[in-house]
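Look at the two complexes coming up: chain A is in both, with chain B in one and chain C in the other.
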Partner chain A sequence: MNRYLKLVHMEIHRFRYILASLMAVTMVCQFSSFILTIKRAIAFKAKNGMDYDDIGLPDILTFPWVILKTKEWFILPILLSVTVLVLYTILIWYRDWFGRSTFIYRLLMLPSKRWMLYVSKLTAIIMFVFSMIAFQLVLLVGENMIFKAMVPAELRADSTFVEAISMNDALKILLPKQFEQFIYYYGLGIIAVMVIFTAVLLERSFRRVGVLYAIAYFAGCVVLAVYPVSFLRMDEYWYPNEIYGMQLGVCLLVAVISGCLGCWLLRKKITV
Partner chain B sequence: MKRYLFSIILGLCTLGILCTYYTYGASDHLPAYKLVTVQGDPKEGAGIELYGNYRGIGSESLSVNMEGSKYRSRETFRDQLLSVQSWRNSSEGMGQLFQDYRQFMRSKLDPNGFYKDNEWLIYAKTNIGSGQSSKKQFQLHIDLLNRKTNEEKKYVTEIPTDSTIDNIYVDDVQRINDQLHILIMQGKMDESSLYFDFVLDMKSGVLIEGKQVTHWKNSANKDIKFEVRSLSNDIAPNGYMVFLVHENKVTSRGDYSNFAVHRYAYSYRTGKLFALPDSKPKFDPNTPYYLESNSLVYANFDENAIQLSRNNLDTGVEERDYVKIEASELGVDEIQSFVLTHNRVNILSQKGSTHLVVILEASNGKTLYVGQVAYEGPETERDKEMGLLRLYSLNIRETAS
Partner chain C sequence: MIEVVDLHKRYRGRKVLNGISFTAEKGQITCLIGINGAGKSTILKSIMGLTPPKSGTIRIEGNPVGPAMYEKVAFVPDHPTVRMGMKLSDGMQFMNDFYQNWNEARAKELLDFFKLDRSERVGNLSKGTTAKYSLLLGLSQDTDYILMDEPFSGIDMFSREIIAEVFSSDLIEARGVLLTTHEIDDMEHLIDKAILLQNGTVQLAFDCEEMRTTEGKSVIDVMREVYMG
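Showing the complex of A and B:
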């Protein structure tokens, strides 16, 4: 357990600057657009009188309205973070092979089980994703405080946190209202990371032919994972609750196969 | 330990923030509503489902019934997947069939293809056969379940049809003694559909006869276009099928405007199609109808009143406005929407900001149930939250019996 935690820490440590940069970019984009939008709205109200009606500018300002007006500046850093994290899902393995002094040799020679490498890298990716989500929540709290500090009480109305999130499609996906939906989204994300990990290990194990194996494995997993909801549903033979059960089963199967195959490749096929 | 401080803090903070959000922050604080019984038997209102919006900061779609309110934005992947089930249950009696005959009902989705009486549950569908000839061959696939013995039977019967048709559907299934009547709708692009009654021997599945029921065809004269709609009694036994023939005229802008609706009834027993009296004033093409046994009930309506009329299909006698339901009599400001179902008129109405549901007996207009949409929360917020609720329509869903 101790070794596993050390490996996780090592992965987090290696990504710390990129993670901090992503957080900084997100904060700068969101805060600056947020503050500018509020300033512009207040200045407009001050110039034209509090009761002046303008298209798109309500009488009373709300936190969700500002989120709606700044949605592009919220979505862009989120997309950037998603792209970087998806790319790092692949790079987290390749940097060990192609980085300085082929670090993978040292990792594979460690006196611990090799599956710990797989699990620690997976844990690290999950940590990065969830820490970015948590950071977004902290930013929203901060933005709400800024809103309350900048807008006079007579010009603003209270609203809930969820109302603000529902104004932005990207935030709605990142932070679904229902915890059950959160499990579906991020569960599927974790399975996708496992499939990518296994595809990378297939390539590392079999090199040129491995590229084909990796592509075929990835495509096979995608088809298998979407089969119940996409194809069985059209078949009309199965009842919806049966399709739901099959969908959960298939996702679990893909996760188990990916995990087992990945660990087996690390143990048996990758040699130093 | 100090070495790992960054990872420990990152992990703990992330976990703490996400747990706090899903424990306290993720609640949307949307108000809860419920349909409560004011008068009558609550069982009458058990199947009522009201649809509309809650207009807070944004607009939230919701449905309200006796169990409470459901917001669309709260639906998960599981809810969306299972909501297909409610689509299957949309036709009266279908939900119970899916519960009682789960295995037999597999792959059987078209409500028009079903027939159910005390003894038999029958399903018919059309299929294009795979004969050696290049011409299309159409087949009827019939599945029968004896509800008393649970014995299942299947047969496939080829039906003689024009091989150039573009679409073919089963529109109604009826059993008259030992014969099955399968009403088929078939059509070509740009032509109105034609209806055929194929009579099969129930024991063997042998085709006894097939006859054309309707004859309205869109001619070369493109000024007038026929549109034929059929009205069946869902899955219940019925000796009649009613056709609504809409005559549409081409306007100067090139689209169609409805200028007449004629009604015809077809008797499965006699094999005759006969016209029902054309009522005056002119029929509204959106008139709701309900066919029950030998009676065709229809309604003329506006926001102040609903007038029910009916045709006796055995005698051809029409009773116009035999029941008149006025908003003032119900004690409401306006009638918003209504649905005709099994001898019931289900009305959604509004009085001030309060939405009321009234269920009346269709045969005599007697009030059976009055329900009111109530806000479930502090009394001080009631007026505000009721004012933000807009309900537009109602539907009847099947309840477990």
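Showing the complex of A and C:
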């Protein structure tokens, strides 16, 4: 357990600059667009009279309205972060193999079970994702404070964070209203990471043939995971709750197979 | 004892190891000798569980390869195994964090002996200095066995002398050493047992001292006979 925590710490430490950069880019994009939008709205109102309103500018400004007006600048850094994290899901393994140093030698020679490597890298990815989510929440709080500080009381109305989040499609997916949805989205995300990990380990174990195995495995998992919702739904033979049960079962099966296969490859087949 | 029995391995359709069997005893320096591509490094990697053999058995003190083995056997490959961005002190701290057998006092002694700067980054080291640092990481583990892959390859004369000095010190004496080389000159007077490899098989395994006294042949003489016909 102690070694597992040390491995997780090491993985987080290795990604710290990239994570900090993503946070900085997200903050700069969101804060700057947010402040500029408010400034423009207030300047427009000052020029045209405080009770001026048109289609693009309401009589009373609200926090969700500013979020709506700046949604592209919210979505872009989120997309950038998602892309970087998906790429890093692959790179987190390959960076140990390539370069002048072959750190994978050391990792595979650690006197601990090799599944710890798999689980520690998975934990690190999950922690990066939740760090970004937590940071987004902190940014929303900060943006709300900026909104209140910049907009005079007579020009603004209070609103909830839920209303603000519902104005942006990306935020709606990242921060779902229902806990159940949160579990589905992030559960599927974790399973996807496990499938990618196992595909990478297939390639690392069998090299050239492994590329084919990895592609076949990834494609197989995707087909298996989407089959119940995509195909069985068209078939009126099944009740929705039965399809839901099958979907859940298939996802859990993919997770278990990916985890077990990944750890087995690390134990028995991996080659440096 | 490290026991390798009937080891087979294929790589890209070629039989790299074709029924390799030998033993390496504790307290002895055993040397795997062969030209490039003879399968020397593959044998060491197989023993360390870094590449799976197609078939065959590897036992260390009668036990199969597993996580507990890494506290008993250290491996010094011909390249650094810690990250390039790490300072030498970070690499030592990493070893201290993960290995119970890490001997910090010895690591500090070796750091002074090799005249290494602990604040230097691994990525900035020359080949000779990297070899010394890799040796430091291997020797600072209190293991029964140490495996070394080409410890003298591409290293300047002075670094070779320093590393050779380590081989005749008490850092090595009590352990079983299994090393590979294709340049025997520097090693000949140090090794106890030589295993000559060719085409993935053991051509000859012999006790060096016995060969010298009974047949009056050096390791190089025997190599000439085996490899040159």
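To be clear about the criterion, the second predicted complex is superposed on the first by the 268 of 272 C-alpha atoms of A that agree within 3 Å, B and C clash if a C-alpha of one lies under 4 Å from a C-alpha of the other, contacts with A are read in each partner's own complex, and residues count from 1 in each chain.
Operating definition for what follows: a contact is a pair of C-beta atoms (placed from the backbone, for glycine too) under 8 Å apart; a residue touches a chain by one contact, two chains touch by 3 or more.
Bear in mind the structure is a predicted one, so any value in this text is a computation, not a measurement.
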item: Combined model on chain A where chain B meets chain C, clash or fit; value: fit
item: Partner chain(s) touched by A:13 [first = chain B, second = chain C, both, neither]; value: first
item: Partner chain(s) touched by A:237 [first = chain B, second = chain C, both, neither]; value: first
item: Chain B versus chain C as contact partner of A:158, first or second or both or neither; value: neither
item: Chain B versus chain C as contact partner of A:103, first or second or both or neither; value: second
item: Chain A-centred angle between chain C and chain B, computed on Cα centres after superposition, in steps of 10 °; value: 140
item: Touch count on chain A, higher of chain B and chain C; value: B
item: Shortest span in Å between Cα atoms of chain B and of chain C, once chain A is used as the common reference; value: 11
item: Intersection of the chain A residues that touch chain B with those that touch chain C; value: 6
item: Residue ranges of chain A touching chain B (in the complex, touch as defined); value: 5-6, 8-9, 12-13, 16, 62, 64-65, 127, 130-131, 133-134, 137-138, 159-163, 166-167, 175-182, 184, 229, 233, 235-241, 243-244, 247
item: Residue ranges of chain B touching chain A (in the complex, touch as defined); value: 3-4, 6-7, 10-11, 13-15, 17-18, 21-22, 25-29, 56-58, 73-74, 76-78, 81-85, 98, 102, 106-107, 109
item: Parts of chain C lying in touch with chain A, wherever the complex brings them together; value: 45, 48-52, 67-71, 75, 77, 79-84, 94, 97-100, 122-123
item: Contact set on chain A toward chain C in their complex; value: 3, 6, 10, 14, 99-103, 105-106, 108-114, 268-272
